[in-house]
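Scrolling down, you'll hit the structures one after another.
Both of the next two complexes hold chain A, though its partner changes from chain B to chain C.
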Partner chain A sequence: MTAPTQAHDGATGAITRAPRKPAPTAFTVIGLAAVLLITLWAGAGIDFTLAPLIHDLTRGEEVLRQFVPNWSFLGRDAVITASLTTLYMAIISSVIGCAVAMVVALLASKVSAPNAVVYQVAKAVMSAVRSLPDVAYGLLFVAFVGTGALGGMAALIMFNIGVAAKLTAESIDAVDPGPIEAVEAAGGNRIQRAFTAIIPQVAPNYFSYCFYVFELNLRASLVIGVVGGGGIGQTIMTELARFNYDNISAVIVLFIVVVFVLDRVSRAIRRRLT
Partner chain B sequence: MTVDTPITPAPAGAGKPARPAPPSKVRKTVGMLLLAAVLLLAFTQVDARWERLPAFITEAPGYVALMTQGVLSNPVVDPNADYWLAAINAMIESIQMAWIGTLIGAAISFPLSFLAASNIAPAPVVFVTRQVLNIIRAIPELILAVAVMMPIFGFGPLAGAIALGVGSVGTLGKLSSEAIESVDTGPIEAVSASGARKMQVLRWAVVPQVLPEIVAFWLYRFEINIRAGAILGALGAGGIGSLLSALFNVRAWDRIGITLVTIIVITIIVDQISARVRSRIIFGDTKVRVMEPAEVH
Partner chain C sequence: MIEFRDVSVTYPTGTKGLDGVSLTIPEGEFVVIVGLSGAGKSTLVRSINGLVPITGGSLQVGETDLSGIRRRSLRTLRSDIGMIFQGFNLVTRTSVMNNVLTGRLHSTSSLRSMLGWYSRADKEIAFDALERVGILEKAWVRASQLSGGQQQRVAIARALAQQPRVMLADEPVASLDPPTANAVMRDLQRINRELGITTVVNLHFLDLARRYGDRIIGMRAGKVVFDGTGAQADDAVFERIYGRSLTAEDVAAPGAPARAGTDAGAGTDAGAGADASTETGTGTRDGEPLDDAASTSPGSVQAAGTPRVASTPTDPAATP
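And then the complex of A and B:
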């Protein structure tokens, strides 16, 4: 790389010309071309046009008028029960999901896995679990055990294992090896090593992920409810089928407020943890 | 420095230094008790038909066997080949929806992230923009789709893509603004010193520093959106979600098995490609693993 400056003679006071712009790298050119092609392909695939944006938005106002919240709907017993069910589902699934995730994470990190085979298998299982969307788990477990919160919680637990195990395994990868060596030198076995050298080091991050997973669960429980997994999502689906948009918007406003508040609380706790 | 710290060899006579007192366990115990109490409340109050729990052992294995049968049966024989193709096509449609959605989210969040960065925008603007982002983050895509996009645009991939896009704005804006806040001030000072206006400072000192990281966030969000799009599909937006919920309605277990395996394989492939590209963008090397932001959903 030679500097392409024309003049460098500050002594004579001549104006130095700006250096030539570096040519874009092959990666940039290929990358931009790929982005353009994928965008055209994807846009054509889903018939993306901006036309509805203009002529449908005018219809929007009329549609949105049906969404004036019917607040009295929130007072019904069924709605209160469904909201509490969502909260309980989120709590139970976070705890069970995170507990299992810790075990999976210990097996899926090179630092703590007993051997290479277990490590590879655990990593593969983790990717497979993570790649299925929450709604697929919802449909699957509701089909297994029937509609209701039980199937919903099973679905949330699988979803949580996927998220928490991956994040925790990455934290375990990054632990300080000193304490591990110390425990080994003192003759500790694998379990003692995990409990005295690894878990205490990742604990702040791990608990922070657990609260994060809880936040995700509040949103995901809605998705799970839509496919029959119980809670407030199921209520929304029922009302949608009856075109009671005023009831739905009341539930939605309540849901957003509750999620917002719980998010704040959970975030405050997480900040103190890490 | 005085010498009489407790670490020095303990009082004459005792051979060994005293063991330090173990740290207090009060906080840990209280935390555990609280957690146990909350769990107990949740378990006893949740309306979950626990009597169905044995179905996981009595009924589920039968279904799993049916799914496995579907996956293992010869994929080139007539009906099976169609099943695999249908699953692959649906997955492709999901990917297309996620891609367009992510682009919409990127386009909206990019300018917003500058307004939400405290080192760029004035404090009142930052405050307002951050609250807007927080509110968007609290609304799940599902709600956006059901309550806003589908009544306006009708059920279809377009409504799905727009819902995914708007839903992405919250997290993308937050992560990007945090990246902008942590830029090196050196280039900003240099560009300002040469007489650049505010926009020129952004263009020449800030954007080049943050762009790789922000593009990596977009790609990561794309991976998330492929999954998030599934629920919109189940509501009629097309893609893999529509196929899955149709199959579960008729309990076609062999096809469900085929579809789930297709989702897993294609998602893992797309994730791998995306991770390689992200690592190449940030480090210029695909061997290095990028740590993912712990909070991107």
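And then the complex of A and C:
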């Protein structure tokens, strides 16, 4: 008993001897107050209230009752086809999008770009491509090539290039310059430098981004379908127009399961790569 | 033959790498360049294959003049010059063989190298090179699984696979322990003797330079301050190269390191006595030259002691 007490006393002594924690600075206090005020002001601006959540709690009951999943809907040929279309679209878009992204990334990194002009242009193109969200590309390409899988895929590809190129370019920036120097000293040209010194180094990260992009595509395909880009999203739109909520909820549950499983698989693969 | 005529190199930052260097290195010679960090050793070696462009004078390597050289002819020149580095510069996540085949890029088309599709003849050359450095059995092992000494041998094999006429080595043993350093130096020497490849090596250690160099070139502040044989490199030469005479500290026991040098070593100047304990990342490597030197002559101790302090810390991961 004696020993622990002594140790405790020692610890207390240390605390009283230590300097006191300084009071928060004026900057911190004013900053926090400002955030609070702005939030209140924004809330007041739109008459924000949570009251309907309580008042109208039972109003959704009627809708919810119609959402009991109609599992048999999933067995229909049209639905199976649409689901597979979504999967194929995601695969093809990922492959094409990531392949293009690698080229763009090589041009958009100071390490691998042939010169400063190409580097700047590639960077600009990359941010331009990234500035539009997936839905915007969906609307754009459906307008260009009409409804269906092609427009949807074009949209996904653009979206994928934006994501994968940026991430890959950043990985290339961080590559070990030693092997690049070695390839240069051995008389290799730019393409050889990229393929023997840079790509092997970024490969794990790059493949990880490719899987990530594939995950994003599965999710995005829903939205893409809603704007007419084909696949299961389009089926949802049709059923929504017919008020077949039971069918929609079956599709949504299926979708959640598929995305969840693929998410897990892809994450497991990615973990192995890096 | 490599001929420097009044060559100077000024970096974009204004630093002078080389200052009016004139040298002739005949075919087949084994030349060792010594000097403090920042003395211009690295610049000298890298100017030979154009990794550092010269800004004054003229530099002739074989039939090629390096001033204002075009990219394509530079690549042709580089295919004739093998190079090995302090940090080995291997792609560690790929196989030893793939690394060695990098030496065959100059005779491989872009398309083939994109697909990693090397010709049978090139693979044969790569295997030969690996055999020459005694690690043929490691051909399909991932480079990251090898020790530092083995990795440097892979790098030598990569340079040999180029079938070069000149071999450059920029601090090839600075990341290696003394026995391994000697083994690598012996490999370089053997290759020089057997194949008659002109070899230019940068070293921190004057004792290694004396042991292996046909000729020693001492550099200080971008200028050549000594050019002669190992036997001629006496204490007076040491003073000229390292900018001071030998002091008692240089021959002191381990744990009492010598004072840092003048040039780039200035960063370690203050509190040099604590260096051995504070530089934890390189601590083991730093400690070893002294152990090694303790068994040799006092002259070796002096030579090994000074560069140790002047050396720049290297990537700890690269040390075996």
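Please note the rule applied: the second predicted complex is superposed on the first by the 224 of 274 C-alpha atoms of A that agree within 3 Å, B and C clash if a C-alpha of one lies under 4 Å from a C-alpha of the other, contacts with A are read in each partner's own complex, and residues count from 1 in each chain.
Heads up, the rule we're going with is that a contact is a pair of C-beta atoms (placed from the backbone, for glycine too) under 8 Å apart; a residue touches a chain by one contact, two chains touch by 3 or more.
It should be emphasised that the depicted structure is a prediction, and the values quoted were computed from it without experimental measurement.
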Simultaneous placement of chain C and chain B on chain A, clash or fit: clash
Partner chain in contact with A:47 - chain B first, chain C second, else both or neither: first
Chain B versus chain C as contact partner of A:181, first or second or both or neither: second
Which superposed partner A:72 touches (first chain B, second chain C, both, neither): neither
A:227 touches, of chain B and chain C: first, second, both or neither? first
Which of chain B and chain C A:120 touches, first, second, both or neither: neither
First, second, both or neither for A:196, with chain B first and chain C second: second
Residue range of chain C overlapping chain B upon superposition on chain A, of 56-64, 74-82, 110-118 or 128-136: 128-136
Complex contacts: residues of chain C adjacent to chain A: 49, 51, 75-83, 85, 87-91, 93-94, 98, 102-103, 105-106, 108, 110, 113-114, 116, 155, 158-159, 162, 168
Complex interface listing, chain A residues touching chain B: 27, 31, 38-39, 41-43, 45-49, 52, 56-57, 59-60, 63-64, 66-67, 81, 84-85, 87-89, 91-92, 95, 127-128, 131-136, 139-140, 143-146, 148-150, 153-154, 163, 166-167, 170, 208-209, 212, 216, 219, 222-223, 226-227, 230, 233, 236, 240, 245, 248-249, 252, 255-256, 259-260, 263
Touching residues (chain side chain A, partner chain C) in the complex: 178-179, 181-189, 191-192, 195-197, 200-201, 203-204
Interfacial residue positions of chain B with respect to chain A in the complex: 35, 38-39, 41-43, 45-50, 52-53, 55-56, 59-60, 63, 92-93, 95-97, 99-100, 103, 134-135, 137-140, 142-143, 146-148, 151-154, 156-158, 160-161, 226-231, 233-235, 238, 240-241, 244-245, 248, 251, 256, 260, 263-264, 267-268, 271, 277, 280, 291-292, 294-295, 297
